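Sharing a structure, written as structure tokens. Questions coming.
All chains are identified by letter, namely A, B and C, in their written order; residue positions are counted from 1 within each chain.
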Amino acid sequence: MSVSDTHRTIDAIWRIESAKLIAVLTRIVRDIGLAEDLAHDALVIALEQWSQNGIPNNPGAWLMTTAKRRAIDLIRRNKLRDQKYSEVARNTDLYTEDDMDHNLDGEIGDDLLRLIFMTCHPVLPQEGRVALTLRLLCGLTTDEIARSFLAAEATIAQRIVRAKRTLRDRDIPFEVPAGEELSDRLSAVLEVIYLMFNEGYSATSGNQWIRPLICQEALRLGRVLAEIVPYEPEVHGLVALMEIQSSRFRTRVNSRGEPVLLMDQNRAEWDQLLIRRGLKALDRSQKLGRPFGPYSLQAAISACHAKAPTAPETDWIRIAALYEALSRVLPSPIVDLNRAVAVSMAFGPDFGLQIVDMLGNESSLKGYHLLPSVRGDLLVKLGRFDEARKEFEHAASMTRNERERELLLKRAAECNSAH
Amino acid sequence: MRFMMIVKATSDSEAGVLPSQEQFDAMQKYNEELVRAGVLLAADGLMSSSNGIRISYPEPGGKPKIMDGPFTEAKELIAGYTLIEVKSREEAIEWALRMPDPHGFGQGEIELRQVFEIEELTNNDDLLAKETALRKQVKEQRQA
Amino acid sequence: MRFMFIVKATGYSEAGGNYNQKYTDAMIAYKKSLAGAGVLVSAEALHPSSTGIRIMYPSDSEKPEILVGPFLADQELIAEYTLIDVDSEADALNWALRMPVPTGCGEFKIEVRKLKKNLGFLRYSGTCALEADLKDQLSMLKNF
């Protein structure tokens, strides 16, 4: 094996092992930044030794043992300075390669969970959470993260430094939150994963057909989480949502790099394996026997589209019901507008219009251009073109997006010629 | 990128002999590890070829020929597959190396193959270069 | 949110002189502390305006007019800038006040300006996904 081959192999091993290493080391040294440094030290030692002596049989265990030794050495050196750490050192057993295997399953899973609760902690700004999670749990380099977000490497690097500092300065504990806090904190974790996914999912543009890295990482992290906390229905819900959305990757952009709407996508090209995985994850969520949360509901809606052989065969009644449920757990105008359109598809535009009109009375929606825009579409469906034209013009006056304004004005003009 | 780890058939797997408890446990533990790493997409074992049929087309455009199993050349047969999604070829190799010897008795063989994805089919450099050339040609024609 | 600290030129910086070693050291330490806190985006010092050019677009002509430096060391000249990314305006001001100042070189000015559109690197949210769903649904509404 040449040196560069060894380096590539070590890269691959690092990708598989780094999150586990950092998680276990954070438990020992209680500092995420220090843990990452120690894991890197172990990697550097591996690079030196493996290039000369070859890669050991169990490289994961080798890295773990080496990193832990360094952690404990460090703690011993600081012993006089900090009594607390020396306690930790005394109680930390060094694993040998043999007993590594026994500890892999339960304990490391717990440490990974603690780590993700830390990187997604609410004291961090959203962007800090995303960057730190990609770095520590997905093992991405700063450069890879920067390229995925079209951001400067220095910006991402500094975000990560800042996030680590904040965690240290605020003395954020390495633990799984208990009691009522758990569900809030878990939503924060799921939010970070879904944010990552959406960022990658929406980023496809131009001839950038390659599936964005962070999308795949979000899905992978979701799958990992589903194994560590199998008793949380929303984790499976989120995984289901991401699997089903991913199944449409290859059809959502045409060969010119333009987005293709769901209706026009070639359903034969949807990835059936991912759809099947998504439906299975949704099933796991349902089997836990609690009412669906926002992710499971969105996954269930997505599943309706995935199961329809053709667009006209979509089960709109079920979709309308699911949006109704979603509007209760995730009240927001955009959910209500979706519900209004689904209801129109299921029961006719009269019923959809009733929902939109009720929304129109809410002052919080004043200035939301999608409201008149949807109202306009429903009015067109009812043949009330004069009213529809006014709605489109109104919507056009509200949007700041040039392209959107053009489209809306075009719709308004079409209403004139419809007479 | 997706890779398929193909476990080749052996005389045992073809004879319908189930793996030992030890092998079974090792394989299960390995699959769990794949799941925990979030890389496993699908894994299945196949029944022996005595259960299979072969459809061949000996003459181009002619009628298919149907043959019932079992088939003889064990090395060419597959006994199971595991589909994984990873970031690099090296990572796939690393996972394949971690798979336990599927059969023992010196017959175990795992083949690692990359799965074609639409991106590779459409986004290869040749096609892109051709497209760029075509665009340039069209532009020149318009200007002419 | 991002802020720019603009260090204005002085007669001294325009003459191409380096401020004293104490200032240089303090500036290096300051940048290190910015980086250590994870707020530094970039920091650059500019050559004196004698190496610069100005491209002017007079109102009565479409052609640009090119002026070669040096330019008058008035309020418009910049000598250095530091770009930081912090969580609040208070943080920005705090960092600005800690920026070292050379002694014995006359008046020294640092301008603090907030950068427009702090989009950061996250552009999308869960709402965007729901808006995309709405678009999909509306296209079906129009067609069926």
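Basically, a contact is a pair of C-beta atoms (placed from the backbone, for glycine too) under 8 Å apart; a residue touches a chain by one contact, two chains touch by 3 or more.
Going by UniProt, the chains are B = YciI family protein.
All figures in this text were calculated on a predicted structure; none of them were measured in a lab.
Peer 1: Does the chain-touch network form a line, ring, star, complete graph or other?
Peer 2: Topology of the interface graph: linear, an open chain of contacts.
Peer 1: If you count the contact pairs for each chain pair, which pair has the most?
Peer 2: Ranked by contacting C-beta pairs, first place goes to A-C.
Peer 1: Quick one: report the Å distance separating chain A from chain C, using the average Cα coordinate of each chain.
Peer 2: The computed centroid separation for chain A versus chain C comes out at 32 Å.
Peer 1: At what distance in angstrom does the C-alpha mean of chain B (YciI family protein) lie from that of chain A?
Peer 2: Whole-Å distance between the two chain centres: 29.
Peer 1: Measure off the straight-line distance from the CA centroid of chain B (YciI family protein) to the CA centroid of chain C, and report it in whole Å.
Peer 2: Taking the mean C-alpha position of each chain, the two centres sit 53 Å apart.
Peer 1: Quick one: which bits of chain B (YciI family protein) touch chain A in the complex? Just the residue numbers, please.
Peer 2: Its residues touching chain A are 32-33, 35-39, 41-42, 83, 85, 87-88, 90-91, 93-95, 117-119, 122-123, 128.
Peer 1: Where on chain A is chain C touching in the complex?
Peer 2: Residues 125-127, 130, 149-152, 154-156, 158-165, 191, 194-195, 198-199, 201-202, 261-264, 298, 301, 311-312, 314, 332, 334-335, 337-338, 341-342, 344-345, 349, 370, 374, 377-378, 380-381 of chain A touch chain C in their complex.
Peer 1: Please give the residue numbers of chain A that touch chain B (YciI family protein) in the complex, ascending.
Peer 2: It is residues 8-9, 11-13, 15-16, 104-105, 109, 207, 209-211, 213, 216, 219-224, 227-228, 250, 255, 269, 273, 277 of chain A that touch chain B (YciI family protein).
Peer 1: Can you name the residues of chain C that touch chain A in the complex?
Peer 2: Contacts found on chain C: 35-42, 85, 87, 120-144.
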